[in-house]
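The structure's right below; bear with me while I get my questions together.
Order as written gives the chain letters A, B, C, D, E, F, G, H, I and J; numbering starts at 1 within each chain.
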Amino acid sequence: MLFHVRMNVNLPHDLPASDVAEILQKEKAYSQELQRNGTWRHIWRIAGQYANISIFDVADNEELHRLLSGLPLFKFMDIEVMPLLRHPSAVRDDDR
Amino acid sequence: MLFHVRMNVNLPHDLPASDVAEILQKEKAYSQELQRNGTWRHIWRIAGQYANISIFDVADNEELHRLLSGLPLFKFMDIEVMPLLRHPSAVRDDDR
Amino acid sequence: MLFHVRMNVNLPHDLPASDVAEILQKEKAYSQELQRNGTWRHIWRIAGQYANISIFDVADNEELHRLLSGLPLFKFMDIEVMPLLRHPSAVRDDDR
Amino acid sequence: MLFHVRMNVNLPHDLPASDVAEILQKEKAYSQELQRNGTWRHIWRIAGQYANISIFDVADNEELHRLLSGLPLFKFMDIEVMPLLRHPSAVRDDDR
Amino acid sequence: MLFHVRMNVNLPHDLPASDVAEILQKEKAYSQELQRNGTWRHIWRIAGQYANISIFDVADNEELHRLLSGLPLFKFMDIEVMPLLRHPSAVRDDDR
Amino acid sequence: MLFHVRMNVNLPHDLPASDVAEILQKEKAYSQELQRNGTWRHIWRIAGQYANISIFDVADNEELHRLLSGLPLFKFMDIEVMPLLRHPSAVRDDDR
Amino acid sequence: MLFHVRMNVNLPHDLPASDVAEILQKEKAYSQELQRNGTWRHIWRIAGQYANISIFDVADNEELHRLLSGLPLFKFMDIEVMPLLRHPSAVRDDDR
Amino acid sequence: MLFHVRMNVNLPHDLPASDVAEILQKEKAYSQELQRNGTWRHIWRIAGQYANISIFDVADNEELHRLLSGLPLFKFMDIEVMPLLRHPSAVRDDDR
Amino acid sequence: MLFHVRMNVNLPHDLPASDVAEILQKEKAYSQELQRNGTWRHIWRIAGQYANISIFDVADNEELHRLLSGLPLFKFMDIEVMPLLRHPSAVRDDDR
Amino acid sequence: MLFHVRMNVNLPHDLPASDVAEILQKEKAYSQELQRNGTWRHIWRIAGQYANISIFDVADNEELHRLLSGLPLFKFMDIEVMPLLRHPSAVRDDDR
């Protein structure tokens, strides 16, 4: 089941640089593990913004929230979620 | 080059049913041709809305606009465009 | 799987009264069937508005959209959807 | 009498972890007591957000405000309230 | 129990003048009856706008909605409702 | 002359508790004096919010601003003002 | 007593040209009479918009609303009102 | 050439009182000099807000920005600018 | 003197095709004449939208409004204007 | 390929003056190098605001984001991007 997720990152400007580096390193590892297991289907940077558009493929709302709230950057992000589904004009039965 | 496109459809309620049917048939054919040639990479319905999220893969802004403004539904849609690019945490070099 | 749905109804003021009556009768029957089979868990009127807050319990995003887009009033409504899940402070394991 | 309540939590990022833990523990106890006595009818997490949708069943506006302003997290939340009532299409006389 | 209600009137410009006159006459009679029985506590015009601020004193949400949805102008208005209660700094125990 | 005033209070979370207590005590005394002399006609709490709806009865814009800008909480509030007047459907000549 | 008024004009595109001409002629005469008697202190066009910024000098809210609601274009305008007063840094005691 | 300027002041609550006093004193002197030389044509306080509406009469956009960005309060203000011009219904050729 | 202008076109869907064609032809001729004489410095289409971003170089606000309000599409457009000036980091003294 | 970029600068008021000066010096050098090589085609100040409107001419979305995210002020700015293209009414084939 697919979900469209937009994440906007707002790091406080006075967060120590070493803390930021550590959080970002964890975030990258966390994201890449989910990408490799197929749960985090797509992740794109939005040009000019510290933000991304992602597509998640999960079993249900519970799993989606567990993954998102577990993000190391979660407390520094605004997240918007939209449930997606197959479009009637899609040429593929299973566009992910 | 990838673009994130959101299309919201607003059909006037007094448009004759036969006109609507004809436009929608053309729209579907137009969309499917672009999907088949790889330009319209993804198209998903947003749950509960007469709207879609699409990913376009085009040569430049000119091509993107030519494709979007050629949509049979163009005059009945609100369209928002965001340029995308590879995310630094992406595990794939070429996520489309 | 639960979804929070807000529906705002905007009937064109020049729709013939008999058309409105027919649509509303179908809408009521449609809604009550879904309520009886447990899919449309709750429906409440918002005081002072031609709008409702509803809770749907469906298998997935596909089913949710199929039900919503099948509403006789669908073309006259603005619909907003939010995926819900169990709250960690909930006293019930299965609050619906 | 039912009210729809949305609570968005905004914890300052520099609040000491022990303070946060203490507030959240109190918040959970407070919420669960109200859930058990039937006043806080439903509480759901919104996927991807530090926010919840709740349904309160209270005697009047005074009781609603007393309960909400007594929340241990009250000063860290944005709260929106909407009065609800039975929907004319509801199959149940008393949907709570 | 008090509610704050804002009503914005949007009459379609092509509504026949005689229809408008009839609706407004009914609206006035409807409003004045509720004012006289104490349910519609206050009604004020907002300067420069075809809008009013009103205070209703009703038994519950059901009664509030029944009164508002019965307004002859209901289908031509945007209505916003906020539940009110005694302010802790009020000098009167029962400010209506 | 009547004015509708909405005040939203935003106290910085790191303001010392004793400072808050002192400001709130002054605010209450200030408000009650104006209520007693008839200038601050009504004050209601909005359910679920640290905010109030008030009706002021003043000689002119100058007096209104002098009273509002003198509020001990003024620097911690967002204030919105709307000029009011007698509604043509009011049953009372002088509804305050 | 001064008020800041912004008027945005929205003429329906299908209003007959002769009707428009007649309304605009009346509007101009109405406005100029109020300007000449000193009530409508200033009127400026906003560049690029069918809108104006005006300053009214009236006895009270009642007079302001009577003048605005009597505008021939009133039903085709969105109007926003803000009460003004002497600024503490003004070099003139009576800046109008 | 006239410009409509709205200035909203947002002083950080933890700015030392002596700093605030010094800035405000400079601001007042700066404003009054411009008022006296005819550049800052009008300045009015908006009732209930730490904000003003001003009319500037300058040679061009460059001069307007030089004056505004030189305001001692500039870094603590949100400023909105709208270019104005003579209204076709104005009775005066040169309304400033 | 430069101005940034955004124009959004909203053609009513029931405008006869021949009327649209005539207006668009006039609009193009009007725009090109102003481009050729150097007043309309730049005009760009926004990808995916029936809208443009333009830069005007005019003597004053009066000229800007005269040009914009003379657009054949003026009554079908929403126009936003922002006064521009040389940026202190610009490498050119006269960037147009 | 052209992009329209709006940058709003929000410097924290408590940033040390020497830090600000250093960042602004780097920002200016960075911007001027890009202007000189033709990538940053235009940069204009918006009157009354700490903001600019810029036109970038880049090979693709990747290059645009690399340039913008490399801005010394990037973490203190809100940036909005819109893809542009040749307008069908443009008199020049290559308006940059």
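Remarks
In this section, a residue touches a chain if its C-beta (ideal position, glycine included) is under 8 Å from a C-beta of that chain, and two chains touch if they have at least 3 such contacts.
Being a predicted model, the structure only gives us computed values, none of them experimental.
Chains making contact with chain A as well as with chain I: B, J.
Number of steps on the shortest path from chain E to chain H, with steps defined by chain touch: 2. Mean C-alpha position of chain F lies 27 Å from that of chain H. Taking the mean of the C-alpha atoms as each chain's centre, chain D and chain G sit 45 Å apart. Among the residues of chain E, those touching two or more other chains are numbered 2-3, 45, 47-48, 61, 64-65, 81-86. By the document's touch criterion, interfaces exist between A-B, A-C, A-D, A-J, B-C, B-I, B-J, C-D, C-E, D-E, D-F, E-F, E-G, F-G, F-H, G-H, G-I, H-I, H-J, I-J.
Those residues of chain C whose C-beta lies close enough to touch chain B in the complex are 3, 5, 12, 15, 61, 64-65, 68-69, 75-76, 79-81. Of all residues in chain B, those touching chain C in their complex are 11, 13-14, 45, 47-50.
Remark: chain B residues 1-3, 60-62, 64-65, 81-86 touch chain J in the complex. Listed in rising order, the residues of chain H touching chain G in the complex are 2, 4, 27-28, 31-32, 35-36, 42-48, 52-53, 82-92, 95.
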